[in-house]
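Below, chain A partners chain B and then partners chain C, in two separate complexes.
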Partner chain A sequence: MHKRILLMTIAALLVCWAPVGMADDGGGFVTGTATAGAHISDSTDNPVRVGEYVNLEDFEDVMADMVLDLFGGTPNTLYTVGLTYRDNSTKSIDFNLWTKNYISADFGYDSFIHNMDHDYLQNMQAKEASVDADGNFVPGGKQIYHTDNDPMGRYFIQYEKFHGNVKVDLPFMEGGQVYGGYGEQTRSGFKQTMTIDHCAFCHVESNAQRIDQRTETWTAGIKGTVGKASVQYEYTSRDYYDHTGAPERRWLNASHPVNGGSEEEFASRDIFEDVTLPYGQSADSEKDVHNVAMKVDLDRAGTLKGSYTHTKSTNDFTNIEGKVDAFSAGYAVKLNPNWRLTARFLTYEDKVDDYFVDLPNFRAYDTTYGNLDFDWNRISAANRTVTQGDVNLNWKLAKRKHLNFSWRLQVIDRDAMAQNQTNYIFDGINPGNDGATLVPSEPYADKTTINRLKLRYNARLGMKGNYNFTYTYTNVDKPYMNPWAGCEHSLQGTGSAHTGGAAEGRVYYYQRQRYGNGTNMPSQAHQFALRGSYQLSPRTSISAFANYAHDKNDDLNVYEYTRDMFTPGINLWTAPSDRLLFTLGWDNMWVQSNANMCPPFFDG
Partner chain B sequence: MFFVNANLTASPKVSFFMEGVYTTAKGSFDPFDLPLPDDIPADVAISPDHVGDSKGAYDFTGIGDYSDLDYTTLEGTFGVNYKLDQRATLYGSVNVVDLQDDQTYVYGDLTGNIVTYATGMTVGF
Partner chain C sequence: MDRKITRPVAPLLWLLAVSCVVLLVLPPSSSMADTGNYVGSETCLECHDDIGPAMSRTVHGNLQAYQYPGEATGCESCHGPGGAHAESEDPADIFKPTADNGGAEKCLACHKTGTTMNWGTSTHAENDVACLSCHQIHIGTYGKALLKAPQEQLCESCHQDVKGKFQLPSHHPLKEGFMTCTSCHDVHSGNMQGIAEGEMVRDACLNCHTQYAGPFIFEHSPVEEDCRICHDPHGAVANNLLKQNEPFICLQCHQPHFHTILAGWEGDYSAPPGVVDADPGYEGLSGTSHYDSMKRSMLTKCTQCHASVHGTDLPSQTITGQGRALNR
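And then the complex of A and B:
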């Protein structure tokens, strides 16, 4: 906060300094508008969704409105000032200054409120039915239920954003400049946080959680041109802080949900029970970014660009580090008056520390079929090496007619596209006579190769209009997916330890013999876009657009994923007379997609 | 979504402005069936809520009703400007936002309405 106050003080001094300089220089000017007023709001029924970004606290009170826009300057100075005040939660200010004395600066502050819905969890209530000795249906013992510890809670987040940047020109170097900046974003308020107890979603508990988060960003850099080469170096440091302590709750003793027995059996499947623990914790983190960029002007031979970026991120709670090294290069040349070629190359490696997950043994008491060690080494799904190339060719077919062709090839090589904690291998060994063996999983790793072709034609319709058409085809070999994410074979065979009391072939257990791959990423995608505008008369113009996309993935093992989207729209501007002006518009978005549904059964 | 915006200069001193936006948003699941193994008998009632046969206990055709979304939002603004002189203008406006929730479920009934009256003066310099 003290940094923000310091920078706002500098901004205020600069604001004061600008008119002083104007007075010294003479010939200054100031133009703008100032608005002062008031508003009052009232609501009926539920105001939260309809007033999603409105401060609901000040309803039925008269609130001041203020808007100020200034543009001023002198022969050596230009500045703008903007200020908006609607209520204590919704306000903004910005200031920009340019001088001939090598200094320019900009400062800004914005704030607004976001109201959020309250999930009442009413859908989380059900109880199994049992049959008594007379054959009548009676309520059973197992149930799904919820507890809302804040039933009257209203949730909101207050966003605030501040930035301040100062640039100083270096007169001894062409394009030379040093610059620095500070930015701060804060989120404060309350949100709804849910926790689940043992047995997953049978008991969902809701609480209000306080939010007080802050992100600070410092930036410093230098740039300049020597001969035909322009060079820039920039350093960015970003820190994230959560100023709230994580809330806590009590997790129950693990036991049979109806009779309270079988504690040893239930406890052996948990890593904690009968204990108070924090939840919803957000870890402090820090990030440092170094970037070096160069651009060389090769005159008629084109322009060459290159950059290198090194990023290091640290999670201060787990001490896990992530590093990214990225190289990029680009070349642009005008081949002849009608042809222009652009080529780009990018490669980066993202590597996050592995994390060893140390777990108590599963079913430790069962030394015959259990006592299984599922400690595992988590390999981050963020780890990857990405290589990407782009070629763009622009062809001027005729006056006001252009054809553009581009091709992108991207290869994403991951150490672990996905990694489940355990796999259930149906090998007839252990546990259970029929048997399926739980083993620590191996990461599922594979390369994703993306080819994207894009064709675009644009033309002008004389002086009155223009239109363009774009077609994009994308082919993805092995798109990102969650392997073995859903769908289970029922346990099979006879004498299974897991089939007691149920008919064969009807017992399903979470994470056993899952085999269905799941994704909403296409292996093939077609996209069409058409848009145009035309001036019908000096008083009327029309514009329209239509987008259609068809995605599909027929590489999955249990279903074919499809997604279709159609988005048309039309706008009309007309001025029937000098005193009447209309703008009319219509747009529509239609989306249809499918997914494979494998619902879990209550009680297994 | 439909929107309309109109400005009318009624006289050198008086002008009116109007804006309206009408938005509908709907979403739903198609009903689906859950195929079951053939060994499940079809003529055994499973629970009072699933009268019929045992396969009815696994009837998911109603899931679309639970997951429907159906919102309609109408926002309208009407205002008037009165020019006092070349630099100063008085204004007054009323803004109405009305949301109709026709499929209440997880978040309860989100139907709501907000009316805002505003007035003030703008000075140019």
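And then the complex of A and C:
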């Protein structure tokens, strides 16, 4: 309801304000631009892929395009009004007001549609091949099937955003101002939500899930300057609500797909079975941010700034909390007419609550080979202390010619870049579990150190053009990766057979003895960027760019990751008259990268 | 419910109350007297009459005395004392701020707080971008922020490679007009990542994609690390701004599912004994399979089963998976 009130208020302001400006003969004015047009969207293939933000209900229809921009004022105010209308779900309105009476404000609303794919899951249909006692191929026990409960579904999110901000000057303080704002984003529509039941067979089920989510953001702050110091404090509160609740589905009775449908054996592998449960849930959450910042002007000695930010995030479903404390500092000084130095520093600590995941014992009925404990303590991958700093030197070589050199150092010290799975090693030490020794879930916590060097040359060609060249080299020690991405240790020498007998179940655990690293993050990266633009005539200009990047990671233990990317482009603008503009552009992107793939064991 | 109303509103009301009291107590602003070689804007406009009308339609042309940091007001607050120039009419006798001669310092004399507070240490300032590169002072064409041109055009004039990415099939709705570059970036920021001060990159994403904020019990670690490990926020060929299509983006950090290696039955099959494929939950148990059907099922799109790839609080089904397969 408050959305409508806000909209009506804005509309009333718009209606009232413009005539006031026009009627005022003491200096009032209104200027504006009205644009009217039409558009049509069509496609011979999946319209979602080419019309991501087009209302599909209007596909193939001619739709109006209307834009109105007003800029006006009275002796005591200035204001702008903007209206855009494309269709009922795609429109915007904004209003900005500045007054001589200490107050300024802005309000806005816009909405648009984002179309999403419908996955028909048709690839999810398979039956395993098996061999019978006579050596003939026959249909096996394991199979995959799917159910799309909404086969005709069209999925989209309707985004609606409101914002309103009010600023009040504090005239007793230089630059003094208090301000407050409210923003709201709602997402409504339907999306496809999937989940899997593997109680007996792999059954992927898809449903239409209604979306009714809202994010509210409140902001309040105060700022001003006292002497050489400028200070500001800002508080932000963000709340997220999902009003729909999660969809539910029935997980079936667990039964082994091969071993005669044994229920006990398969049920004891699952946390739940024969139950209706929710899935695709998005938990309500809240976030509070306090930020205080200060800048001191030291005249010729430069500018010094610093800030502190405290953030607390809470998952309202689990009450898990995350806290971030961040300190930043910066210094900029002109060393002499030709040299400028900038230095920045940032450190923050991110800490999310640990969470103990209490699970039933695996195959609890089988006290010889089973009854294994997979409980684990989840240590958040967000936990980290980050310290980074950079120095930038800008050298004015000559008039309109600058050379820039910068160095950045960043150290990311994580509690858990990744966390491995609980495992059992069959070494004969623990007779209670057929010689299986528990290997608990452990975090991988290596520290990442990033060094980045950047050189940039920037020059202007008189008043007609400019060009620049940038080279960046980045060296990363222990970049982010999954340390257990693939490649199991060999069974050779373990004393375990992987077929037949009671030991068959042991093979399951070798899957998680993966040792191969995997990532798409480089340990070394080279980037070259060249850009230039030139004014061919007062009404025609041309610009071009070419970027090349070569990334590689030779720190990985089973392969070397590489990525090469080349992106050139050229653009031409020409304006035969003040009211006519032609643009012609060509952009290209070429990317090549590799990855390692180890086909895994199958546990039987 | 109380929290939702009282917590955010309380400081806002407090600040507004303070400001209202201040407004009531303080006298209205008064004009500043010209001193020294200052001659006042009226003198300037005697010759520069082309600038006056346009300037009067900008915030800069309507400032109150309390909004100036020094004694000078009007034109001379930026251009310095105009006495000598008014006398000689020589352009050399007046300061004309440009991108090359410290024009930013003139702007920052007033714009000391807010988003411009960190301009001195910003990446743009480092790279010779000046206030006047994007803003014009005398004409309020666009009303907001005195931009020389619509924001996207300004940003794209330098960041042409980014402009190219926004033409790719999957992109944020920038060219459609529902976002601007400053929806994510703080162009005046002193932050090394070009986003809001004191925030990590993922916070910029979560401002709109709040449903992925968590913190969740069952995480996908790259979501906590940096959204850009999987997504290119400016645009991509693959759907959902993915840097590569599934499963290739997943296979860079994970090995294929262990069922992938199973050989598929070639031919028709019916529901297993004891199961009727018309029973609720079992529809579809008879069908046709191919040699590669297991591979096609298990190696086409990981998120068909691992749908909660951004994290969840609901455990997945298997005990050995420890609930963290992101299936729910």
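In the analysis below, the second predicted complex is superposed on the first by the 480 of 604 C-alpha atoms of A that agree within 3 Å, B and C clash if a C-alpha of one lies under 4 Å from a C-alpha of the other, contacts with A are read in each partner's own complex, and residues count from 1 in each chain.
Here is the rule we use: a contact is a pair of C-beta atoms (placed from the backbone, for glycine too) under 8 Å apart; a residue touches a chain by one contact, two chains touch by 3 or more.
A quick note: this is a predicted structure, and the numbers were derived from the prediction, not measured.
Taking chain A as the reference chain, the count of touched residues is higher for C when chain B and chain C are set side by side.
By the touch criterion stated above, A:N123 is placed in contact with chain B and with chain C alike. Applying the stated contact rule after C-alpha superposition, one finds that A:K295 touches chain C and leaves chain B untouched. In the superposition on chain A, contact of A:F137 is made with both chain B and chain C. By the touch criterion stated above, A:L78 is placed in contact with chain C alone, chain B being left untouched.
Using the contact criterion defined above for the overlaid structures, shared-chain residue A:A34 touches chain B, although it does not reach chain C. Looking at the shared chain after the overlay, A:D65 reaches chain B, while chain C stays out of its contact range.
Applying the stated contact rule after C-alpha superposition, one finds that A:F582 touches chain B and leaves chain C untouched.
Touched by chain B in one complex and by chain C in the other are residues 49-50, 117, 119, 123, 129, 137, 585, 587-588, 597, 599 of chain A.
Residues 1-10, 32, 34, 37, 39-40, 46-49, 60, 66, 73, 91, 97-99, 101, 105-125 of chain B are the ones that touch chain A when the two sit in their complex. On the chain A side of its complex with chain B, the touching residues are 30-51, 54, 65, 67, 117-120, 122-123, 129, 137, 490, 503-506, 578-588, 597, 599.
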